[in-house]
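In the two assemblies presented below, chain A is common to both, partnered first by chain B and then by chain C.
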Partner chain A sequence: MTSHLDGNALAGPLSELFRDDMTIATGRCAHCGDVSVLAQALVYDAAPGWAVRCRACGEVLMVIVRTGERMMVDLRGVTALEVPA
Partner chain B sequence: MAVISRGFTGRPRESQPDLPPGQYLTKDFPVLSAGPTPAIDTADWSFVIKTETGKDASWNWEEFNALPKEDVTTDIHCVTRWSKLGTQWRGVSLDTLFENVESSYDYVMVHSYGGYTTNLPLDEILDGQAWIATEFEGEPLTPDHGGPARMLVPHLYFWKSAKWVRGITMQRDDNPGFWEQNGYHTNGDPWREERYW
Partner chain C sequence: MSFRDWLVGTVVSTQSQTPTAKSIVLEVPGFGGSSAGQHIDVRLSAPDGYAAVRAYSLASTGPSSTIEITVDLIPDGEVSPYLVHELQEGDELELRGPLGRWFVWKPEVTAPVQLVAGGSGIVPLLAMVRAHAAAASTVQFKLLYSVRTPRDMFYASEFAALASPTFEVTYVYTRETPEGWPTPAGRVSRELLESATIPPSESPAVFVCGPTGFVESVASWLVELGHSAETVKTERFGGA
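Presenting the complex of A and B:
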């Protein structure tokens, strides 16, 4: 069966894009409204990219793709991404 | 001074003519997925082709399995760089499914249980190029490999061969699917190494 990692796996790739450790950032799921730290998300990495899913409803929060020279981050299912000021 | 050349000797011995550029051979069948494996009861399964005319073509599991099936032996190529040669499948040709479908649109979006999507030009899935597969190596397709039914479009990278298919929607424009929205090539020909935009 397909397995997944927890959101701590996102620390590396997201550090290339954001200033802070994004695994302790909170975000609201655009589908179900669940608010949690990114470390609690479900990360499906056995795929052509990383599909990050909501711990509560399983819908897609974000998609990360490395294309060799580029990294693309799609935050389609995250609202109110919050980091300490 | 004499110029010594080995001349043109053709393809090096160590090369694999069946392997597209950048691919390596695997004997395993890696399981890749952007989400959990959905539990699909064939009693609830259906496959629907939707068009702009509003006339849908649909089959339940019994009706689908009553359609003529074909045996397909083919190489498959994943964009994560593994290739598997000589895999054996059985399924229904998309030519059969599209026999009575009328549409003026040139593109399709494939939809899966679990929400996955992938886009394709219609002319890449007709004329004996694609199937809805229900068997792999003589056995019913297991859920981790897309059972009960998955797309098989072996001439393109395997993300186009969507697992757990539930339908196809005709689309006027080549709107991108799940991976195609985020960097992966809209077509995905492994021999042209069409991995990314």
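Presenting the complex of A and C:
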């Protein structure tokens, strides 16, 4: 069984795409409306990337694919991504 | 240099913490220092271009470009066997950081602090204890540290040396206790958390780090005991 991690582990990968540290960014789950910092989301290894799930309802917030050449972030389950000023 | 750039560190020294865990001190030109609780990504690249990246918590803290991580061996892992068994003084290692600004303690925060560590989850919490000592902070710090056996403990002598009126450690042995230990081996429980940690009435900042199952049990018990979920910060490193 693969055990999940949490959003803290995505600080490095997401720094390749976003200017600010994303572990302190908040997002609202499109399924259940839960609002939390990315650090608290549940992160499942889905090589070559990760599936990020809501801590409250378990639905997919985002999918990240990281290969040697490119990075793709699918934000299908996140609304209102917010970074502290 | 930014935290997102890959840097090259040189191993200054290594030290065994347990039969399967090693501390690695690196000098990293361009590293901009770190806050207590942050981590780095380490990248190992094969000649064919394949790269494996893993996150490791920093045991070190402060403005220095000399950093320390402690790596516990995952026998079938892609990165930790190399770091624990092969890496030697003078070797170079690719890394980026410091990373993560959420699971962080800063000396200017005045709330008391409760740390709860399972196994190698102690590493970022050690950085917080070091930052507390370095700042001569008078904030109350308590650590609950769960290990399987006395031989699995990281930084035992440093924790003993840092004990003070404002820093107290409670050890929990889950499989084997030291000789003469007053209680039998056993896991952290809700009852133990209630008796051995700072109560919710004192509004502590709580940091929990360890294997995923440990972190989730501890965090939910703390909330049941009356801690606000916002004050309980967690970091999971996977594992059993």
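A few notes on this one:
The working rule: the second predicted complex is superposed on the first by the 82 of 85 C-alpha atoms of A that agree within 3 Å, B and C clash if a C-alpha of one lies under 4 Å from a C-alpha of the other, contacts with A are read in each partner's own complex, and residues count from 1 in each chain.
Assume a contact is a pair of C-beta atoms (placed from the backbone, for glycine too) under 8 Å apart; a residue touches a chain by one contact, two chains touch by 3 or more.
Please read all numbers here as calculations on a predicted model, not as lab measurements.
With the two structures aligned on chain A, chain B fits next to chain C without clashing.
Of the two partner chains placed by the overlay, only chain B lies in contact with A:Ala46; chain C stays clear of it.
Of the two partner chains placed by superposition, chain B and chain C are both touched by A:Gly68.
After the superposition on chain A, the angle chain B-chain A-chain C between C-alpha centres rounds to 110°, nearest 10. In the superposition on chain A, contact of A:Ser15 is made with chain C only, not with chain B. When the shared chain is aligned, chain C comes close enough to touch A:Val37, but chain B does not.
When both complexes are overlaid on chain A, the residue A:Gly58 reaches chain B alone and has no touch with chain C.
Aligning both complexes on chain A leaves chain B and chain C separated at their closest CA atoms by 9 Å. Comparing which residues of chain A touch chain B with which touch chain C, the overlap comprises 4, 68. Chain A meets chain B in the complex at residues 1-2, 4, 44, 46-49, 51, 53, 58-60, 63-65, 67-68, 70, 72, 74. Remark: chain B residues 30-37, 78-80, 115, 143-144, 159, 178-179, 181-184, 195-197 touch chain A in the complex.
Chain contact summary for the complex, chain A toward chain C: residues 3-6, 8-9, 11-13, 15-16, 21, 23-24, 37, 39-40, 68.
Of all residues in chain C, those touching chain A in their complex are 3-4, 39-41, 49-51, 53, 55, 96-97, 99-103, 211-213, 233-240.
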